[in-house]
Amino acid sequence: MSKELNIWLDNLLSDIESVQFQRRNSRRVRVDVGSEALPALLELLQGRASYVHLSAITCVDWIEDGQFELVYHVWSYETRSLVSVHTRIPRDPGVYLSIYDLYQPAAFFERDIHEMYGLYFEGSPDMEKFILTEWNGPPPMRKDFDGEAFVNEHFHWEQYHPQWLKDLEEEGGGITVRPEDVR
Amino acid sequence: MSNELENIPIRQELEVLQSGQKRTNPLANVFDGLVKFCRSRSMFMLHYCTGCGAIELPPAMTSRFDMERLGIQPMVTPRQADILLITGYVSIKTLKRIILTYEQMGSPKYVIGICSCTVNGGMYWQSYATAKVLRDYLPVDVYIAGCMPRPEAVISGLRELMEDISSGRAESWKKYYQHYDYYLGNQQKLFGEDWQTPTDIIAEARHYDLMTEHTLGEHTALLEKHQKPLEALEMRLSVKDKQKV
Amino acid sequence: MPDIPYKDKGSILGPLKTLGFFARRPVTEPFEPRPAADSYRGFHVNDWEKCIGCSTCQKVCDNAAITMVKIPGLPEDPVLGVRNERPAIDYGRCCWCGLCVDICPTGSISLTTEYVHVCRENELDSYFVLPDPNGIHGKHFDKGWDKTADADLVDLHQQPMGEVEPQQRDDNFDEIVHGFTSQQAIIEASRCVQCGMCHESCPTHMNAPEYIRAIWEGNAEEAVRQIYRSNPFSHVCGRVCTRRCETACSIGRRGDPVAIRWLKRYAMDAVSDERIREIAAEGKVDYISGKKIAIIGAGPAGLTAAYDLVKKGHDVTVFEALDKPGGMTRYGIPEYRLPYDRLDADVEVITSLGVTIQYNTRIGRDIGMDVLERDYDAVVVAIGLQQGRSTRIPGSDHKQVRKAVKLLRKITQGKPFKVPRTAVVIGGGNVAMDIARSLARLQKQQYGEVRMTVAALEDFDHFLADPEEVTEAREEGVVILDSRGPKQCLVDENGKLIGLATLGVVSIFDQDGRFAPRYDDSDEQVHQADMVIESIGQMTDVSLFGDELTERLEWNRGRLRVDENGRTSEPWLWSAGDMVFGPDVVHAVADGHRVAAGIEEYLGVKQ
Amino acid sequence: MRPENYQAKNHPPSHEFELNFGPNHPGIEGNYAFKVKLNGDTVLSARADGGYLHRGFEKLMEGRLWIQNIALVPRICVPDPVPMEVCYSLAIEELGGLEVPERAQWIRVMQLEMSRLAAHLFAFGGHAATTGMYTTMFWGVADRDLILDRFEELTGGRVYSIYNIPGGVRREVPDGFLERMSSLLDYLESRLPDYDNLFFRNQVFIKRARDVGAMTQEQALKWGVTGPNLRATGLAFDVRRDDPYLVYDQLDFEIPTEPGGDALSRNLVRRSELKQSIRILRQVIERLPSIRGPIRCPIPNPLAWNVPAGESYTRVESSKGELAYYVVSTGGDKPYRVHVRGPSSMHAVQVLENLAVGSRLEDVAQIMFSLDACPPEVDR
């Protein structure tokens, strides 16, 4: 049964314009779609093709392209296959449409992406901070936020000076390469 | 910065206190010893899982390794707890709660730092979200190495603490009052200048007669400056009326 | 299907069944920590005998927990690839993942079954530990997570290097080694752990970790740039280098070292000659200093010095007695190991920067040293070792007893000579292999069969020639005998050379380590030959200096005395290369750099 | 004390109030918090507050080598770390086109099921504790510890095994391990009736947990519920069977379901899964000796490993539900992006907020434990 459905889905997807479609294997399909067509495609997948489970929404920051890539992973319990719908939106201003009315779990993922990437979803029920409620810096998952620089600025490290090290330093030895230097 | 702290001399009289001040009444000495013994054998551990090391506490508490043999048992409120176990990394958000909790615990109180993360950042040394060196923010009595330490190691650490308590060496809680300015300074650096807690540590330090020249300083002055009517540390969330979908 | 029909009312007394547990043995463990499992990941120990301080553990540590600490008193030897550094571990960072154990090239570091460490706040320094064989508390605990073949993350095997089959190569001088494909090069480059031992052991301190990294990243041009930072003879070194780097390579401790030489060759071959010239010219100053420098000898040392000096804006002229550049790399190394067009490419890079080479100009004959002294600000003598040493055994003055270097030069120049039907080479170094294999090829071409014997003083365990050379020579039909000392060249009554008599070697060095071979007179063999080739070392022909200058210069055991910059006792005269250090291309290159730096400094002062 | 600071606020009399619940609260699993609005003791609405365990894993992983992250990933979910390692390794294997040897796949299945057993024992132990039945917790934790002993023997670590690496597993199974594992399974199986008597068929528990935090199958699908919680609403879905990975398609096991959708059903599903995990482990123990071969395919030097560019989405069934990794490589030596889709991120936020509405305050803890939400995995 699932094979027939797969063929049906392949035909369906190849017919739609502005959709690039790539079947990885019998359970994985990658679809690239323009940002304007994505909600309609998801609606189609959910309503017509039984992809009712939103597994995840992933955001990837392609800073060199000035774009955010959003990946919607939807799963069908019937055909037992997973469609990953990829779309790209400009990094600035970073606003996109929520799919909460199609998939309720989207609320969490969109909220997460909002606080980690600063990407705003219009129509999402809840854009309040969740994890980073006490964080005042920029959205940390953006590639232009340098976590290590932040750490070096705000924290210091334990300065060990055990006896054996003092002895070695007296003999002319001592620390040569600190771990932070090799990274 | 932690080196800074080591350079500050501990007040002379306190050293006398720590080394067991001679009391005139011989019964008092016996009584002091008894108190120390009892303290070391009835440690209530605050039930707060701050990090991943907490996963080894249930085995340590339950039948297999059975901490209750040592008189250690979990306690749910800070007011009645003696030991605060920092089980691993502390995110900045948790650190605030830890400090609140610590300040609410009644003296004498003991802090145990478990895992690598409490010492020098551990696995998460690159992370923007975790505090790295715990002893900048709180005085620590005993550290237990491991990532995470096995229940046996945890119990060894607790036994070490018991020994310290009965011999009168575990005095870190006094350090907090004596060097409050230092700890507060580090806390302010991390949480912002307007950081304050509901507990008035300076008044408590006066109460315990633990004021030193390091209790007050520029950071406590900053605290006074920013003082505002007390409110509980707020969860910055709004509760909406939501209908069951 | 539900296992428990929970709608059934279980007995209200069901939980009471657990009262039976009163009679059971308690599960509680005693207070004393239990012994951990056999492969437990506890605190570290490190075998200091095995550890070489390569700091690979530091690189793989994801928590930045490992600090390298220098320990005076431990052996340190760049040639062997040993540093006196050992890893120290910060248990405030460590997560006991054991990656340091799995990647350790030597297998020195391992984890034990010890897992309890408790300390107070003022003892926190005890979290910073220098693991030694005794463990963190000096108590014995069994080893836990240790290196096993399964867990080893180091790839111990080199990428196989393709070679022409013996049958196809034994009658011609085509290059034998194919070189890596780009795929192979990337895999081979990825074996490197970037410890930098090669950099330290290399005479000219090539930036091998950097160019290997660049090759791994697929950026051959960057690799060439890194190579040219320290070696303008990279086509040559990529083929015939003595590769001290591979001896020192930390991966070579337990397996094959990274094929650094072949990687260099790959990078040089992967970039076009024009592009290499552009890369080499980077960093050349855009002014003319007005200083004139003469260099005698267009070998690696002289040309390297010329390369450095011309990049500094000096006017450099190289005088070469023969008609082609390269010195010993051309006339000493057979073409099957180093094709002449690759050597020409290297030299072209240098000449394209503005170095003039005057060929067929023998100093001392065509131009006198006094002229150079007068006309140039500085003079470098880099004439190498062009004369073969003689064994001086009886009969060695026969005309069919030849010197290997001369014969090799003849073969390169294409001068005709009678190829012997049967020949014996005295010596066991790479030059001996070169001449034996070259002659073997000529024999095969002319007579269809190889009748070559090599009689070496050393035994196979201490052989001087590279093992690959020996293997390949054997594949080509050369017979190699070890522990044979030459006794006498045999000449028949007609004055014709008929062979060489050798004796078995008892020992080569005396008790003081001096060269004094002792032979077993009872073990004599006679090798039939119509030519005997002596290949036991080379020396310099210093006649070019002339009597007066030779008198003025200071000498040390027949070699020129030079200071640490390569300057002789004459302030304007420098000396570099094989004539100072003995035969080795990469040493010559290093020496060229050193002399160039010395001259640069001298010219600055002079100004 | 600063008495001048305390000012009584005048509020209009009301039965409605807001209550901070956690993070330092014994009824909370881990370090997690709620803000609940109550009328009397009935929850009007609840709001989850996470981030107390936030470490920024996804950011950290972008800054570390591919292989270094294997030490990092198990920390994402502390009670059930093995699926994290396996899922991450599977993602890299898919990207790098690595063929995992069959023996390694079987060893991985063995670990996954051991981890599931341990996590389930821990989960219903915790649930029992919230309803006051501490003996069950003591038993559950002590029996889990026996599994940890086997983990220690196999992998060298009790909780964080760090045993799976891209390409296979790190060590060969020790001698005699399978026999010891087998006797452990016998023991665990003999313990199941004890657990039934004490807990699952205990009328106190049944009465306490029935209809608490109930959801229908439609709701569960709508809210994105997965794992045992979804199976407790009657839908037999399991990634192991329906999107098979490793050698699960060669194994014979059932997918237990329960119709109720409440806290009781969720625990009963876990109880039945214990039996299925034991069944799978027995099959592995039987098959593993006959499967010979390497335990890891050759991988490049980890310090210089450029995983080919591409992206992969791999899913495994953890004890909490559907766990997925989305890994993007740009062909460098570090991941460009790793997204961890933890099952608890659904359960502990949206589902819990929804289920808490209308329940009583004392049941909130029970609901949370019955969903087996794992806060470190929500916070990452």
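Before moving on, here are some points about what is shown:
Chains here go by letter, A, B, C and D, matching the order in which they are written, and residues are numbered from 1 within each.
As a convention for this text, contacts are C-beta pairs under 8 Å (C-beta built on N, C-alpha and C of every residue); 3 or more make two chains touch, one makes a residue touch a chain.
From a predicted model like this one, the values you see are computed outputs, not experimental measurements.
Comparing the centres of all chains, each the average of its CA atoms, the largest separation from subunit B belongs to C.
When the interfaces A-B and B-C are ranked by how many C-beta pairs touch across them, B-C comes first.
Distance between chain centres (mean CA atoms), subunit A to subunit B: 38 Å. Computed centre separation for the pair subunit B/subunit C is 58 angstrom, with centres defined by C-alpha atoms.
Subunit A and subunit D have Cα centroids lying 21 Å from one another. Centre-to-centre spacing of subunit A and subunit C amounts to 48 Å, using the average Cα coordinate of each chain. Residue positions 49, 51, 54, 56, 59-60, 63, 71-72, 142, 160, 222-223, 379 of subunit D are each in touch with at least two other chains. Residues of subunit B found to touch two or more other chains are 63-64, 93, 119-121, 123, 125-129, 147, 150, 235, 237-238, 245.
Residues of subunit A found to touch two or more other chains are 104, 132-134, 140, 145, 147-148, 158. Taken chain by chain, the contacts link every pair, so each chain touches all the others.
Residues 48-51, 54, 56, 58-60, 63, 221-224, 226, 235, 237, 242-243, 311, 313, 315, 322, 324, 326, 328, 336-337, 339, 341, 345-346, 349-350, 379-380 of subunit D touch subunit A in their complex. Only residues 27-28, 52-56, 58-61, 71, 73, 77, 80, 82, 84, 103-105, 107-108, 112, 116, 130-134, 140-141, 145, 147-148 of subunit A touch subunit D when the two sit together in their complex.
Put simply, subunit D touches subunit C in their complex at residues 64-65, 67-72, 135, 142, 149, 152-153, 155-157, 160, 162, 170-172, 174, 194, 196-198, 200-204, 206, 254, 256-258, 264, 268, 271-272, 275, 294-296, 298-306. Subunit C contributes residues 26-29, 31-34, 36, 62-65, 90-96, 115-122, 124, 127 to its touches with subunit B in the complex. Subunit B meets subunit A in the complex at residues 1-3, 92-93, 96, 119-121, 125-129, 131-133, 189-190, 235-238, 245.
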